[in-house]
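What follows is a single structure, written as structure tokens, with notes after it.
Naming follows writing order (A, B, C, D, E, F, G, H, I, J, K and L), and every chain is counted from residue 1.
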Amino acid sequence: MNLIIINGPNLNLLGVREKSIYGDTDFDSYLTKLQVKYKNLNINYYQSNIEGEIIDKLHEVGFSYDGIIINAGAYTHTSVAIRDAISAINTPTVEVHISNILTRENFRHESLIGPVCRGSIMGFGLDSYRLAVESILGF
Amino acid sequence: MNLIIINGPNLNLLGVREKSIYGDTDFDSYLTKLQVKYKNLNINYYQSNIEGEIIDKLHEVGFSYDGIIINAGAYTHTSVAIRDAISAINTPTVEVHISNILTRENFRHESLIGPVCRGSIMGFGLDSYRLAVESILGF
Amino acid sequence: MNLIIINGPNLNLLGVREKSIYGDTDFDSYLTKLQVKYKNLNINYYQSNIEGEIIDKLHEVGFSYDGIIINAGAYTHTSVAIRDAISAINTPTVEVHISNILTRENFRHESLIGPVCRGSIMGFGLDSYRLAVESILGF
Amino acid sequence: MNLIIINGPNLNLLGVREKSIYGDTDFDSYLTKLQVKYKNLNINYYQSNIEGEIIDKLHEVGFSYDGIIINAGAYTHTSVAIRDAISAINTPTVEVHISNILTRENFRHESLIGPVCRGSIMGFGLDSYRLAVESILGF
Amino acid sequence: MNLIIINGPNLNLLGVREKSIYGDTDFDSYLTKLQVKYKNLNINYYQSNIEGEIIDKLHEVGFSYDGIIINAGAYTHTSVAIRDAISAINTPTVEVHISNILTRENFRHESLIGPVCRGSIMGFGLDSYRLAVESILGF
Amino acid sequence: MNLIIINGPNLNLLGVREKSIYGDTDFDSYLTKLQVKYKNLNINYYQSNIEGEIIDKLHEVGFSYDGIIINAGAYTHTSVAIRDAISAINTPTVEVHISNILTRENFRHESLIGPVCRGSIMGFGLDSYRLAVESILGF
Amino acid sequence: MNLIIINGPNLNLLGVREKSIYGDTDFDSYLTKLQVKYKNLNINYYQSNIEGEIIDKLHEVGFSYDGIIINAGAYTHTSVAIRDAISAINTPTVEVHISNILTRENFRHESLIGPVCRGSIMGFGLDSYRLAVESILGF
Amino acid sequence: MNLIIINGPNLNLLGVREKSIYGDTDFDSYLTKLQVKYKNLNINYYQSNIEGEIIDKLHEVGFSYDGIIINAGAYTHTSVAIRDAISAINTPTVEVHISNILTRENFRHESLIGPVCRGSIMGFGLDSYRLAVESILGF
Amino acid sequence: MNLIIINGPNLNLLGVREKSIYGDTDFDSYLTKLQVKYKNLNINYYQSNIEGEIIDKLHEVGFSYDGIIINAGAYTHTSVAIRDAISAINTPTVEVHISNILTRENFRHESLIGPVCRGSIMGFGLDSYRLAVESILGF
Amino acid sequence: MNLIIINGPNLNLLGVREKSIYGDTDFDSYLTKLQVKYKNLNINYYQSNIEGEIIDKLHEVGFSYDGIIINAGAYTHTSVAIRDAISAINTPTVEVHISNILTRENFRHESLIGPVCRGSIMGFGLDSYRLAVESILGF
Amino acid sequence: MNLIIINGPNLNLLGVREKSIYGDTDFDSYLTKLQVKYKNLNINYYQSNIEGEIIDKLHEVGFSYDGIIINAGAYTHTSVAIRDAISAINTPTVEVHISNILTRENFRHESLIGPVCRGSIMGFGLDSYRLAVESILGF
Amino acid sequence: MNLIIINGPNLNLLGVREKSIYGDTDFDSYLTKLQVKYKNLNINYYQSNIEGEIIDKLHEVGFSYDGIIINAGAYTHTSVAIRDAISAINTPTVEVHISNILTRENFRHESLIGPVCRGSIMGFGLDSYRLAVESILGF
């Protein structure tokens, strides 16, 4: 089973940036723990700060992978183009957020990509990613 | 570990009502499966169509239980009072929705209770409840 | 043929309350006249000030009765939960208002339950209820 | 007792146009049935696609007829002028819609003429016209 | 000097309609008084309830007359087409209202034709028309 | 002189809940102090988390008591039904809030019940209730 | 192949009116050129300033012609009735504008008839009409 | 007959300021012409840039003068206090604007004082003041 | 204990102006009664129609007095500057309104100064001032 | 004559993606047909999912080519930067859409780039591109 | 070279008021430092809490000085009159703010005077004034 | 002292593009002048049309440089991602605009990045960059 986690802009700074919001774990360490826990799965990883590169990646994996877990970061609220890419592909996609976006600035309350994802998980810190993996595995 | 699932208005009709949106499983059967899977946990259940009774229940369990999983149904979008009840209690509360509320009518897009919950999970059908249990258990 | 008239909050005060808007007939007298006129029909009556009890009643009658006539009063404008209850049941439901809600305060102009009812009748005073009965009987 | 039914723009196409919304009965056949049922009444009929002609007709009948039943079609949502005509005349006027306008596009949700009519009836198909006649006849 | 007063929908009912707003003088008597007072001027008159006929009239007089006084009635608030007609012609046009439209319903507060008129006069009852004549005559 | 204080949802938790906003005095102790200070008055008390029960209570006392002091809590911002109940009764009603609702979330800025109350007092902590009693006693 | 070009209000003034926006060619000369270029086609023409007459014409040609090219002028932004007429007929209809409506006043940005047309062409001056003919002819 | 013209902020710069909007006549010269033309009237003048001084002046003249002509300049759009002063006095007040405020920035479209004036005149340059005098004199 | 009551624009007309809203008592008489009732307190008084003078007064008293009672009149709804002055001083300030501002025009519903005051009291007629004094004295 | 067609995000999936909206022809086949039909023209092609690369391309061709045909896809609704690029260059640019964007989600109704293009063509499927070529060729 | 710094309401309290926002330097000390640094310039100073006095000052200096530096304080967000004064004068005017107004309350985000100033500088504490002086001096 | 100027989309066209707005100096010449004037400083330069590359650059310099001067061009109004990047880094960042964005289209009035910058400078042409350098140097 092939999964991929796609992280959007600034998420390369996890563990460095605004720790009061995002915690102080860097994503690589977390990813390793996740891969160990779910060793039967092939969990890939991709991060880019460029909207169009995220679209390219979605096109690349979206017709053959079994699941996509996407945290589009700030593009969540502004990118109709990523939304369209998710609509266009076949692989079920799950939206993930580390923080509870509803408790932040108004312009972060609306997710443009939420409506085209299978489901959304937010607010559980990095554990949101694990729950997304669980959602793809199913009951 | 004491958990409770609180379901709001009309969720007593699950498996009867609008099957194209909510599926055809009734909640009792699902609950049993959940209790079997997580037999170490004590998973309680409460449903009411009355906003104030849900508040009463939150007050009752909110200072002693280890986790609350709430699907406030239609009250999600209209009840400041349930939001206040969740703010007032100590037990961490997780918001759950069966369907992806972002794909339904506009007035269902905003969750009044989301901002005071620990996190939100939506769109995975009844499996949203299991993911909420997982979120309380942690990694 | 089993019908039920469901009246929402404050409608127990009909004939007492703001007579300039609602007239000075109390609902019981009117109901009797209606039952006499349509003696072939079994016209039941229910009133509650509690949103959730109205939902309970809709669930109770909504799979066996032949028609529901609902004047949800103030809940017309605020209750997504009653709307969902009407959507969830099978019995055709007709929305009724005594006054013309379009001539009152702005927040009374929108009906949340109108879109899920078979039709709406408003502004004819208590006669709106008779017209609703007529609408269920048909041509 | 002199009544008139006034139909607004495009309602001359009833039975031809968008049958999924308006049904497949043409209005003339329906009118005949109505006149037969209420043979004591003198039920006249007028249709025009021109806003100003509808105003002219309202002026003509609005000081001598006993009741006006108006389905202003699309002008319901845009015509302050027809609203003013209804305000200016003496004959009680009842607003009628075939479909439930609340379930259609947003711009059809607001009725500009509703607030100056005696009452409104909508959603019952062509039977809305009969209910309007009933509302003028009274209990 | 050729002037024309153009009155829009329902203004044929002046003196009949809603006297508390528009007063009880009919327009013909007033016009005669005006023609007597300004006997050097040729003051013509036109009234129609049909938006397009008002446009036709504006085209007809708008390249040869010395002044147009228009009370577009309800079309003031809805007719982009009359606005365009006024823009398209050469004769200076003055907007007139009998009542103070700012004290009436919200949808009467905005004038679509005001911005393309030379000036606007409102609230002085029928005397607004005389002031408009004065404005064309100048100091 | 018969007065009643009616507290809405979550106000049973006063002294327990969010002390930084509401202070740490429980309401019973405060009520006793108030009853001692105004021993000539008969100050009753009622609290419910259920919107409809508050309406029932307003109906019960609203035609015989001399004054009602209501802190509708979260229902202040959402309940048209409580507003209607206050409109429908005869007893003068005073709106009270412990905190200054204008300094909290946007959805708490508007009071639906304020416009039908005799007056409003807010921001003085529990002392708001005493000021409300004073307002009923008068100069 | 029978086509018709329908022009709305004020477009009879083309070549006369606001030349900086619409150019100085009158429509008749342009039409002749178009008829010459596409001599295999039967290109008819209709213009009216009256909304309802445009509806009448749409009804008349809308069940037998092969294509309708409509420039509804100012009615583009205000006429739900013309929109409904286009929805009601069978002939494919193409929306045309001479100027780029997006660069003009805000109230000209929205087209009410656009959503029910086959497609829209705007901003190419009178050449927009030729492109509409091309669109009906196809590749 | 005692009249007063009250000019608001920046109108002391008339003839100096933005001549393309306000023309190049200074107000004093104009006032003299007006006083000559209406020599039977006592036309006073007051100008201030201070909102509260305009209120003071309205209080001073508002119970004894026969007419007030006010051009509140920028305060037209922001001063509820001047509006209240006009409401509070007895002398009929006429609103005047030199330019057509509807053709300027959006925030100049709404007049806060218009609704409490007897009428409004705008867009005729300085001649607006003469028309206001005429409106007070009457037919 | 030094208090001051500051009244804003037009409140010098109390007892003269719009008696149906503000009652017919003039403020001086009321102030005397208040000073007699609370003879231990030193209750000062200031009124101005000029926004900036009210700010000057707030600066003058705001670092030495024990309490400020402010009825900013129309400036309540428009003056960020008075709001800033209240924020900048140390003396606790109580907002007072004679009428219930929520029942008046929309632009009177929002108080810009409310959020920086200790509390707000409105709707009790002149008695609102006494309640404000009581609020400063405390239980 | 040098033309270029620039396609924005996800349009590389044409013929693969959401066929019910975009049809099942891939763009390359269509382009070949177009180049054959207009063999006198040099029709180039560029596609990118990256907003900034589209800007780079516009800069590159925008001072030497004879025409640009752009379908900015999702960036149509979000990219001020592409709008600015089109404004900055000299080559006339035509906006093209395959589907009728007015019939899709609300956030697709507004085109940010439309106002700076020479004209817009939408709704004709892939044929929109041919019409754009025609618009550049002229009559 | 004659410059003037004009400070609006409450800025006389600098160094006293809300130090967490505005710092603890009083303006006089800062001004002295500025005058020392730019001794070739004649830097004048004016402060008033009265909107109209600021307008008076702008008129006084606005036709002879070489530069105006204005921090209109709260009037920034409410004063169309000061905006008009700046438009009316000839001296180039620079807008200055001590704090970053975009990080404060919503009603402080919009500057009414910004659009008529030569430029705006904000967020650099008192150093914003020096930068404004630099902007007038030029490169 | 290491500074960097980061220019966003289309700013590579400075001196070429819309000279009426941006002037006719190209940025390279200006930069050289700036570097000469501040020869003690190390002023670097970066320009990209790609949002994500700007983010990459901000990450690269944002933990070691002494100051960042950013003119994000069109991304100012649309990029939450650049805002987040500025929030995430440590180097103080100053926002710069060549033109006064408040005098251009509405969608250019709001800056998404302003609230996370140390301060903003706009409207001084290219001199805005020098003022930003000055702001980093301090008094």
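Going forward, a contact is a pair of C-beta atoms (placed from the backbone, for glycine too) under 8 Å apart; a residue touches a chain by one contact, two chains touch by 3 or more.
Just so we're clear, the structure is a prediction, and the values are computed from it rather than from any experiment.
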| item | value |
| --- | --- |
| Where subunit B and subunit K overlap in contact partners, by chain label | none |
| Length of the shortest touching-chain route, subunit D through to subunit E | 1 |
| Copies subunit B and subunit L - rotation angle from C-alpha fit, nearest 5 degrees | 120 |
| Of I-K and G-J, pair with higher C-beta contact tally | G-J |
| Gap in Å, rounded to a whole number, between the CA centres of subunit L and subunit E | 54 |
| Centre-to-centre distance between subunit K and subunit D (centres being mean Cα positions), rounded to whole Å | 63 |
| Interchain centroid distance [CA atoms averaged], subunit K/subunit L, Å | 24 |
| Contacts with two or more other chains, residues of subunit J listed in rising order | 50-53, 78 |
| Interchain pairs in contact, sorted by label | A-B, A-J, A-L, B-C, B-F, C-D, C-F, D-E, D-G, E-G, E-H, F-I, G-J, H-I, H-K, I-K, J-L, K-L |
| In the complex with subunit I, residue positions of subunit F that touch it | 33, 37, 100, 102-103, 109-111, 114-115, 117-124, 127-128, 130-131, 134-135, 138-139 |
| Contact footprint of subunit K on subunit I as seen in their complex | 50-53, 55-56, 59, 78-81, 83-85, 87-88, 112 |
| In the complex with subunit L, residue positions of subunit A that touch it | 8-10, 12-13, 16-18, 48-53, 73-75, 77-78, 107-108 |
